[in-house]
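Here chain A shows up in two complexes: once beside chain B, once beside chain C.
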Partner chain A sequence: MSVEKRDPHTGYLTTGHDWNGIEELNTPVPKVIYICLGLAFAFALIYWLLMPAFPLGLTYTKGLLGVSQHSLIDADLQQAQTDQQTVTSKIATLSVDEVRADAGLMHYVRATAVPIFGDNCAACHGIDAKGGPGYPNLTDNSWLWGGDADAVLETLRVGVNDEQHDDTRVSQMLAFGRDGMLDRNALLSVVTYVQSLSKPDAGTVEAIGAGREVFAANCASCHGEKGAGSIELGAPDLTDSVWLYGGDTQSVFNTVYNGRTGVMPSWEARLSDVDRKILATYVLSLGEAGQ
Partner chain B sequence: MISGLTLGERQTAVCLSLALLVLGVIFAGAGQGDPLGVHGFIIAAYAVVVMGAVITGYYAPAPGADRLTQYYDDPTKFGIIVAMLWAIFGMFVGDWVAWLLAYPDMTFDAAWASFGRLRPVHTTGVIFGFGGNALIATSYHVVQRTSRARLPDQLSPWVVLIGYNLFCLLAVSGYLIGITQSKEYAEPEWYADILLVIVWVTYFLLYIRTLARRQEPHIYVANWYYMAFILVVAVLHIVNNLAVPVSLTEAKSYSLFAGVQDAMTQWWYGHNAVAFFLTAGFLGMMYYYLPKRAGRPIYSYRMSIVGFWGITFFYMWAGSHHLHYTALPLWVQNLGMTFSVMLLVPSWIAAGNALMTLNGAWTRVRDDATLRFMAMAAVFYGLSTFEGSFMAIRPVNSLSHYTDWTIGHVHAGTLGWVSMIVFGTFYSLVPWMWKVERMYSRKLVEWHFWLAMAGTLIYVFAMWNSGIIQGLMWRTYNDGGTLAYSFVDSLVAMHPYYIARAVGGFLFFLGPVIGLYNILMTIRLSRETAGTGIAEMPVVALKAGE
Partner chain C sequence: MFTRTHYKLERHTIGFAVAIIVVSAIGGLFEIAPLFTIDETVETAPDMRLYTPLELAGRNIYIREGCYACHSQMIRTLRDEVERYGPYSLAVESKYDHPMLWGSKRTGPDLARIGGKYSDAWQVAHLYNPRDVVPQSVMPAYRWLARNKLRTEDLGRHLIAQRRVGVPYTDDMIAHAEQDAKAQVDPDSDNAEGVSERYGEATHVRAFDGNPRDVTEMDALVAYLQILGRLTDAAYQNKDKGE
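Our next item is the complex of A and B:
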């Protein structure tokens, strides 16, 4: 049954095998294949000689170049640090305001801060830094914890209500409704009063009057007698048009009823001093652009 | 299909499904309050369906002794249909997650609809559901024809198919309810893994036994590949899934390996799953159906040998290229990289051998969409193996790793190579199996081919673009020596490509929908002509069955 036949198309003989009608030609392996195999093996051999390649019990062949993964990455990091050294060392020694006054440095700060902000801050504050419900807008010059360079740097360093950091800024608004400190009428009137601070026609004169008394007794200790807030306590200014959690009646009611404890992580352990300074400088420049 | 089984086989089938039912009930009871209990119910329900099917046909007249003079093809027919159903399901979920990546809010706030759960449903559905069933079904067909021997018994091919599909079902349903051991392409938990071991050993023995009964002096190359696929997948599956269950009544288990050793084992498994599941098995398919359809002899027997041993030897070392620039020691990475580069040569030998086989049949490639499927598959096989070796080179990998380029590469392989060789094979095999002259509609095959081509190209080009852009954005530095883009910036840049990918995927998904319709209509056609279309080559010297 093993009869070799000549294939008329290629001119090669078959192997004489036949599997359910399938035959095979006995075509020799083209030379180019052996050449390619040789080249591929030569490449591998050279690579094995130069680089770490084969295990030897507890150790391995180190390769003639003496390269390790650690030496490679260390060299890369060293190079990057050298490249940045001149600029970063300047930023490290200058104050934020001095950096802001230097156009060349500010060019560097903007280019560097945008990706740092995008990777670390944008998840809450938005890629445009305009925030959202519960997350402050960083471009509007309204600051919960102060808008001077030192205050922003400190907020970045310690965070807000972050249990991971010993020096964290702490601020909590009590749950006046849920914890039974105010009854429903008192809640509704104080909501109307708070709204009237930025919008005088928010409710009837009586409701606003009643709310004013509730406010003086319960809220003024943090938000101030006039509702202008307190930077020391991180209590928002209630007289401006900026609303962290929304300014409609339902939102303000929810805030007073349930209280609020916003959290911002501390960045001291995750970003270097220079990176935090770059971020603070960048964020402050956003407010400037917004004016 | 039950009527083909002997009375003894029917009895064993009832006993086996009864045992499965008991196992399911035990799991359902003991695993109460754990996801394992849900799987107990699924196993029990599956056993009831299987038992019902056997009992329904139980009193059919016993098959005559003349069955032993014919090949046993019922399991192949079943496997083809099931593979097509898995293709539709798996590709539908694939396109779903593609849209989910473009519009990440599309999860309905439900845990099961999150990307992390749906993605393995897609990969398991297409790789194991579609690919696996196609491999099993065709291997039964090929091994009988090329050995001129009937399968040694009629029950084990069914045990393999039924058990294997239960494994796939447990896998896919498990992901949705949160069962996973978090190993890519090896997500199912310990009990499903044990089931697969039993199935796979049965499959291995079935194949070996058939080969042992062969009437041909030589073992055809397709069988080498199928054999490598079965043997190596068994080894990979067992080693990578070594784990200790938290308890016998809970689904959760912990891997025997830890840290970087676990990662290395996983990617030794993962890459060789690509090698021996998605490559060796389908090369076996190609080596039978391509020359058969083209009516040409294999171009070079010698190239088959060099290619086979090169592929099986080199692939085994290549897995560590998935862990470049990680905690894995550099010497392991270097070994993986160099073997991946050498691997290109035998891969191209196999692709070249296939394409050279078509010499003398190119006019048929032009006219016959079925053969064209297989020809394009060989081209995509060559392309994606080149790409794979290229991406395994460490500096290239530092750009491509963790980007969509990897996804594009995988889909060039799975859509272009694996799916196309299967569709070409099925369109050849279905008329042979149901004994009709040709597929119900040639035009629909043509439509399927162009949908598959368009889908693959759109998909792959979208992912090449997005992957390379992504890789570059992650490593671009500004003048000051710091990164120029944030991660979010790269996501925004990906968005249009993600939409393009989802569109390409949808076109590809339409293919198997049309294909299944065409296959079902072909079967109907065969019923109308009562299977008198063509007679298969007579099986003269078939060895007696049991």
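Our next item is the complex of A and C:
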């Protein structure tokens, strides 16, 4: 069978097969392939030595370089922190107002804050920070818990009604209707009164008068006698035209009937001090732009 | 010489087939077999909690609705992922996930650390209609979750199934599975204490969908989402160590 026969034209051996005079060349694998194969094996051997690679029953070779995907990413994050150090250390030491006065730093703050805001805050407050039903608008001048830098930083740190954080801000509006504290007439009159605070022609003089009494007895302890709210208690100002849950009769009725306990998560565990400061600075600068 | 051997081998069909199997099995032997013998790649997390029956039911709904098709639960060891989602996922965090839901595709964001990131009210509103809270969202609405009562009578058997594959549920947990699922959404009920006793003080006991009287599928899914990434603090301790 395997009679060695050399093809006269190419000089290579044939397979020895013969089909009606047609023969099959047995061209050898080119040398370059063998060289590459050898190099690949050599690379693999070196890599096995350097990197975590070979299983040894209950453990594995850790490699001479001593790296793992965890040590690589930790080094990567460390490097990033070092790279940003010059800017972030400045932001950390300066006050929010001083940062806002520095155009160069503000450029960095805006570039950094937009993705942080988008990943974390935009789900509730919207990508434009204008909020929605139940989620406050951050671009206006109305602040439930205070709009100075320290107050915003503290709100970001501890959250509102967030059971994950021990120091969280706590504010709960009672369910005056559902829990039977007020009857339907009292509810309706207080709704009319509350609406009349920002819109004097919201109802008849009698209804508003009756509502004022209900308000003084039930609501004034948090919202204040004049309904101007309280930043210490996180009670909204009812005299302005800003409505967190809607200002139409049905919405205000729902709020008084079922109560409200808005939750904002604490960001202390998720975002670093500097990141929260950048966010606060950014959010406060939005208010300025909106005016 | 090597070529000669191969010529000979090629002429023996059975021998050649066996040789192919042996050679290709080497890859499997070195890549797959060690996964069953090397335990040190899974971190230890003594504080690891179990899924409560309600959270497990939520996990089943997560699988049923195909959430994994668009959401991964695996933060990879890449800087951009860690900066966006939080500390990278550890193997031990999926210890009680049968089957695991790491996923391989992200149409939506990764959910490995979604627990506690948003409020219950937001999760409910978002599942009811994502565009009510995120106008640019392409996620479908899951309105029926709020309507459907959760099937609780077979939860004990789900726990038994999980125990068979290695999750350490106790007989006590299995016997009280249905009761615990109902109590977890009703913090004022007499049985609420039992949930914290069996599953730890860190367990969320609250009306996830705002209504403590009924256990809905919404309750279960939100309870599950709020626990994602919060079964153990191992990843955060790891992070502190790294810095």
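We take it that the second predicted complex is superposed on the first by the 220 of 291 C-alpha atoms of A that agree within 3 Å, B and C clash if a C-alpha of one lies under 4 Å from a C-alpha of the other, contacts with A are read in each partner's own complex, and residues count from 1 in each chain.
Keep in mind that, in the parts below, contacts are C-beta pairs under 8 Å (C-beta built on N, C-alpha and C of every residue); 3 or more make two chains touch, one makes a residue touch a chain.
The model shown is predicted, which means the values in this text are computed figures rather than measured ones.
S.K.: By the touch definition at the top of the document, which applies to A:7: first (chain B), second (chain C), both, or neither?
M.R.: Only chain B is touched by A:7; chain C is not.
S.K.: I'd like to know which partner A:57 touches here: chain B for first, chain C for second, both or neither.
M.R.: In the superposition, A:57 touches chain C alone.
S.K.: Looking at A:108 after the superposition, I want to know if it touches chain B, chain C, both of them or none. Which is it: first, second, both, neither?
M.R.: Only chain B is touched by A:108; chain C is not.
S.K.: First (chain B), second (chain C), both or neither: which does A:119 touch?
M.R.: So A:119 meets both chain B and chain C here.
S.K.: Taking the superposition on A as described, I'd like to know which of chain B and chain C A:269 touches: first, second, both or neither.
M.R.: The answer is second: A:269 touches chain C but not chain B.
S.K.: By the touch definition at the top of the document, which applies to A:148: first (chain B), second (chain C), both, or neither?
M.R.: Touch partners of A:148: none, neither chain B nor chain C.
S.K.: Scan A:167 for contacts with chain B and chain C and give back first, second, both or neither.
M.R.: neither
S.K.: Is A:183 in contact with chain B, with chain C, with both, or with neither (first, second, both, neither)?
M.R.: So A:183 meets neither chain B nor chain C here.
S.K.: State whether A:80 touches chain B only (first), chain C only (second), both chains, or neither.
M.R.: Touch partners of A:80: chain B and chain C.
S.K.: Of all the chain A residues, which ones make contact with chain B and with chain C?
M.R.: 2, 54-55, 60, 69, 80, 115, 119, 122, 127
S.K.: Which residues of chain B touch chain A in the complex?
M.R.: Residues 145-146, 148, 216-218, 220-221, 288, 291-292, 296-304, 306, 310, 325, 329-331, 333-335, 337-339, 341-342, 344-345, 348-349, 359-360, 478-489, 537 of chain B touch chain A in their complex.
S.K.: Write out the stretch or stretches of chain C touching chain A in their complex.
M.R.: Contacts found on chain C: 7, 30, 33-34, 37-40, 77-79, 82-84, 86, 88, 116-122, 125-126, 132-136, 204, 206, 236, 238, 242-243.
S.K.: Would you mind writing out the residues of chain A in touch with chain C in their complex?
M.R.: Touching chain C from chain A are residues 2, 54-55, 57-60, 69-70, 72-74, 76-78, 80, 115, 119-120, 122-124, 126-127, 132, 134-135, 162-164, 262-265, 269-270.
S.K.: Flag every residue of chain A that touches chain B in the complex, lowest number first.
M.R.: That would be residues 2, 7, 9-10, 14-15, 17, 19-29, 33, 36-37, 40-41, 43-44, 47-48, 51-55, 60-61, 67-69, 80, 83-84, 87, 108, 111-112, 114-119, 122, 127 of chain A.
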